[in-house]
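The same subunit A turns up in both complexes below, where it pairs with subunit B and then with subunit C.
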Partner chain A sequence: MSKPVVATTSLAGCFGCHMSILDIDERILDLIELVEFDKSPINDIKTFSRECDIGLIEGGCCNSENVEVLRDFRKHCKTLILVGECAIMGGLPALRNNIPIKECLEEAYLNSPSVTENEERIIPNDDELPIILNKVYPCQEIVKIDYYLPGCPPRADLIWETLVALIEGRKPKLDYELIKYD
Partner chain B sequence: MDTFVQEVLEAYQRDKTRLMDILIDIQAQFGYIPPAVVGQIAEALQVSRVDVEQTLSFYHFFSTTPRGEYAIYLNNSVVANMMGRAKIAKTFEDELGCKFGEVTPDGKVGLFETACIGMSDQEPAALINGVVFPNLTPFRVREIVRDIKAGKSPEEMLTASYGDGQNSSPLIKAVVQNHIYKKGPVLSDDYQPGEALKKIVQMTPEAVIEEVKASNLRGRGGAGFPTGLKWEFCRKFPSKQRYIFCNADEGEPGTFKDRVILTERAQLLLEGMAIAGYAVGATQGILYVRYEYKYLQKHLEEMIRIGHEKGYLGQNIGGKEGFDFDVRIQFGAGAYVCGEESALIESAEGKRGEPRDRPPFPVEKGYLDQPTVVNNVETLCSVVKIILNGGSWYRSFGTEASTGTKVLSVSGDCRYPGIYEVEWGFSVNDILDMVGADVEDVQAVQVGGPSGACIGPDEFDRILCYADLATGGSMIIFNHRRDLLREVILNFTNFFIEESCGSCVPCRMLSVIMRDKLLKILNGHGVYQDLIDLEEWGKIMKANRCGLGQTAPRPILTSLKNFRHLYEERLQDKDFDSGFDLEAAIKDACEATQRTPHLHKPERQETAYENELVGAIGDLL
Partner chain C sequence: MGKKITIEPVTRVEGHGKVTIHLDDNGNVTETRLHIVEFRGFERFVQGRPYWEMPVLVQRLCGICPVSHHLAAAKALDVIVGAPQLSAVGEKMRRLMHYGQIFQSHALHFFHLASPDLLFGIGGDPLKRNVIGVALEHKDLATMGVLMRKFGQEIIQVTAGKKIHGTGAIPGGINKNLSIEERDRFLVGKPGYNIDQMIEWSQAALEFFKSYHAEHRAFIDHFAEFPSSHLSLVREDGALDLYHGVLRAVDANGKRILDDVDYQNYLDYISEEVRSWSYMKFPYLREFGKKEGWYRVGPLARLNTCDFIPTPLAQQEFETFRAYTHGKPNNMSMHMHWARLIETLHAAEVMRDLLNDPDLQNEDLVVKGKKTNEGVGLIEAPRGTLFHHYKINENDQIEMANLIVSTTNNNQPMNVAVEQVAKEMISGQKEVTEGMLNAVEVAIRAYDPCLSCATHAMGQMPLEISLYDANDQLIDRKMSH
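== the complex of A and B ==
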């Protein structure tokens, strides 16, 4: 039987959750025995090359590209897992949600004291750039999500236990320490 | 400006617990609270600027920007909407040339929304500089705007005759009607002020409490705590000073009975407060009245003055040495949550109306940290009749567990909206008959306001009592023309979101999330899982600190239980739909950056992917 295939991505996140994945330390050697990776920043594969079993999503959706990537993940992954606060609730990026996007852009590119070189007063508008959404959306407000791993970031042990349990087809053992957040 | 503010500050002895009164007076004088004045107040009261600002920003009738020479507050409650508010709102906007939430460019008129103002039997209604304008029609609105432009005062703009009873007294002069259709012990005309006081001075305070306990009277605000027991707890808690609060902050949409009692039976209420003072050993009473009823201020002050003149209030009441009791009026400034007893106390201390953690309960540590009894208007009125006629007489009304009467405020789709004092034990059907509702055409009745229950015809035989259908008195009737979810449940849920004090996370956040879920269903994006989510998430709301937060999901939960078909018929036949609309989500950014969106349509995206895949495989080969 072929190994399960895992894909991961970081949308509007800080890569902290991916760091937490790497934080499984030497178990990473066990992991590559257990699974294969497809699209992921870990192996730098940019596009899906096949159907995947598990998709891990870090970060919420702050622009149109995030939405497309997320939808792509939903299409190619049997099971989609949100990893961390930003994916589940928007997290820090969502702090802008109470401010109109126009104000945010003007503050960032025109009015802020740190703006020194923008004499033509341009807000970046190249067609290549993803378009910012009116607010940061948690992923489950866009596509159907199967599982949620809370934390900022979720502990490496929580990610590990969840992945292994899912692959072994059993319920994860979520000890108190794994889901304690203070 | 400075002098006026100084005078106000002096009038309240620079007492920081009277900040509400200070702000109310300044707001009334200038139409807003200027930033410079905030500093002046803070300095005089020896508190920080933030202390003043946090109270100021909490209440919705306070403002830091001018609200106009004429501040128009149009009620946006469910009943107002049912009675044609949309047309009224549009006429105001068209005639004045400004939108709701704005002030006309000349600064003359401000147009604002406000929650239920306690006029559900005469909607649509508005407050203009505190004066009530009920039964509005587009024609009437045009008259009002014309008069405003001519510079008339709100009082001069009234065209109807003054209302019945005390509404037409020189101290009220309101065009508000009482609409009392049924009287009982509380509203009875058979009342001689002072009789009950004469009786209690012959009794010990403990005996008074025993009599109230014997009557089995329970709190009429809605929660139904036994009154005698509350008094006993307060009396037994050691302290030098205790306080009696009368909660006349009725804000539950659809309730207006306290307005009528304050208008017609203020003496009875004050006597009830004095009795409570005698029973628990308090010498100071505070009558907390919602800002919407400020038009009753002179009338209430006169009633207190008469109380002093006749010896029902003041020193040595009823000739009894040491029986001292005085009452002051505390006005709110527009916050539903202040109806919660500990929030009411906070507000009366000049702070934000945020409910306190309990225990300690107010009977132990209430106003100014002293033992405090907070009773509803109707409860205190009932006490007087219990003292006069005895607890066993009172028990002859109502049912065994729910004794006495309840004053109901009935509104909505019926012929005779108004006040009905009924014995506990009436069924909803009985009441529908009594108020002239077309029973065949009634789709639903909201019992107990938004925080109560929305029930359908198969439950109209249920009985009004604490064990079955408890109510603070609001009953709103909806016929089949009403879109229950969009017009009623959505409005109620928005009301709770607006009125949340923001302290507990589930109340602040989850109410909004649940409202958005409801909107998603209403907009055709609902799936079955959404109903399960609403039910499950509703349970989390129990974690909130006060009754507002705990009952905020009830409009959705009770309608989901009793009118599930209204939800189900809007659902789609698929497993998942988030309702997310990418085009709508990028609209603002496209406008801000002047970009034309080039979005991948889902079909195209698929082809693109396949091409990419073929490309990728091609590369590998």
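== the complex of A and C ==
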């Protein structure tokens, strides 16, 4: 039997959830015996090369590109797992949801005390930049999600137990210590 | 589930960082740009939050070096609560946390993200060219990298409370000290896993780099080499210090162009330029203006600005490093890895000294003072100088927040590096190969594998590269795989 294939991505997240995956430490060496990786920021595979069994998503959606990537993951992954607060609820970036995006941009590019010579009042708006969404959206508002791992970030042991259980086709054993938020 | 939003489908695939390359009629590169494509709005949305939330909130900009943001924010708040001088245990616990962070982040940067390019070659098989490939073919090296990172993360855990997004630093100090039992997990540890082992492995990693350098001298010395100024904190006596100090900058010839600057006054010296094509701003030294005032930060810059390293093993390596450029600033981008590994060794030595320091068991964790309404906190994050600046109102709410993060400081240098590599590799070519694209990434990777903090964007640089002809027609667009 061929090994299950795992893909991961970071949308509007801080990468802390990916770091928590790496915090399984020596078990990384076991993991690469158990699964194969496809598209993921930890390797140089940047577009899906095949159908995947498990997709891990970090971060919510703050721009048009995040939405595209998330839909692409849903299309290519049998099981989609949200990893962490940002993916599940928007997280810290969603603190901007009650504020008009214009104000956020002006604060960063016009009002910042270290921007002293922006006479033309430039705010980045190039065609090369994706469209910023009016709000930061949790992933399950955009596509169907199969599992949720809570935490900011979720504990490494929680990520490990979930992956191993899925690979072995059993129910994960989620003790309180593993899933308590912080 | 309902679809709440409608967006125009965009053609770009993925990536928080992206490069565009423009060509003239002869196929020569005329302009390149590294765009940072994510925006978070942090400066605005923290307004109104209570100030003491900052150290736990802002670190969520970057989960790769959260401790840096945690501590830079805490240092700004020390000033606000009138306690810039901490107790011995307060400062030393934070230093231990910080050097643990430097150690884990440098290990991650070198082993997990950069070493595949060295081991498999820039144009090597992209399917192998990653940390998993390293683990499968160079298991000893991979194990060493994994355990070094683990050690740093566990130091963070006992000082900050959690490996990622901890809560240890509070305005005026720290919320716990180090128990003897915790200390001995690192000092004594287990065979093959204690501080002495980490020092040995740091030396081994340096040896690995040095012998690679000896075999690939042309590549390591000339790839993305360009003159620039360099900026960092240094201790008041000129020593390398990653936690605290004064600002110093040297130009490409080593002349000091900024010295002994109290960073509370950073705005007198540093400004940022906004360009329409990137969410990441472009900092510069005001005295030299937008065009000439840019500088580099990070391990290379730090070893160019400081006079010495205050631990013996790293000092020895520093002398060799300095001698290589005859005492002049080192302007070779790939030497960033060399500098990074010397700092890794230094961080291990500092951790050993701190673990042996009885002050860490003191009980006076927090210092109190007279509150003011404004403070600046600076720290040397793994990838360079990080600035946090806050103002609060009479209700203790944040009124203004300004951040200049390490990667932003390196924005212009990364653009210069990209341009240089693109001109060398792509000028005159009709087709872009995977190897060329990876070469561009390698240049960026020397500075920063991830652009996370920078706009509070993230991703280990899944680059999309577009090639335009003289009439601005797209002739090739490729993901770097």
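As a convention for this text, the second predicted complex is superposed on the first by the 179 of 182 C-alpha atoms of A that agree within 3 Å, B and C clash if a C-alpha of one lies under 4 Å from a C-alpha of the other, contacts with A are read in each partner's own complex, and residues count from 1 in each chain.
By our rule, a residue touches a chain if its C-beta (ideal position, glycine included) is under 8 Å from a C-beta of that chain, and two chains touch if they have at least 3 such contacts.
Note that the structure is predicted; figures quoted are calculated from it, not measured.
Enquirer: Is the number of subunit A residues in contact higher for subunit B or for subunit C?
Expert: It is C that touches the greater number of subunit A residues.
Enquirer: Tell me the contact category for A:91 with respect to subunit B and subunit C: first, second, both or neither.
Expert: second
Enquirer: Is A:178 contacted by the first partner subunit B, the second partner subunit C, both or neither?
Expert: In the superposition, A:178 contacts neither subunit B nor subunit C.
Enquirer: Does the superposition put A:81 against subunit B (first), subunit C (second), both, or neither?
Expert: neither
Enquirer: Would you check which partner chain A:23 touches, where first means subunit B only, second means subunit C only, and both and neither mean what they say?
Expert: Only subunit C; A:23 stays clear of subunit B.
Enquirer: Applying the document's definition of touch, where does A:131 land relative to subunit B and subunit C: first, second, both, or neither?
Expert: both
Enquirer: Quick one: classify A:14 as touching subunit B (first), subunit C (second), both or neither.
Expert: After superposition on chain A, A:14 lies in contact with subunit C alone.
Enquirer: Take the contacts of subunit A with subunit B and those with subunit C, and give the residues found in both.
Expert: In subunit A, residues 47, 64, 67-68, 72, 101, 105-106, 123-125, 131-133, 137, 140-144 are touched by subunit B and also by subunit C.
Enquirer: Spell out the residues on subunit A that touch subunit C in their complex, using ranges where they run on.
Expert: 9-10, 12-20, 22-23, 25-26, 28-29, 32, 37, 41-47, 59, 62-65, 67-69, 72, 91-93, 95-96, 99, 101, 103-109, 112-118, 122-126, 128-133, 137, 140-145, 152-153, 156, 182
Enquirer: Could you list, by residue number, the parts of subunit A that touch subunit B in their complex?
Expert: Residues of subunit A touching subunit B: 47-49, 64, 67-68, 71-72, 75, 100-102, 105-106, 123-125, 127, 131-135, 137, 140-144.
Enquirer: Give the list of subunit B residues in touch with subunit A in this complex.
Expert: 575-576, 578, 580, 582, 584-595, 597-600, 602, 605, 609, 612-613, 616-617
Enquirer: Would you pull the subunit C residues touching subunit A in the complex into a rising list?
Expert: 1-5, 7-10, 12-15, 18, 20, 33, 35, 37-47, 57, 60-64, 66, 108, 112, 126-127, 129-132, 135-136, 139, 142-143, 146-147, 149-150, 153, 162-165, 266-267, 270-279, 281, 283, 286, 290, 389, 400, 402, 404, 438, 450, 452, 456, 458-463, 479-481
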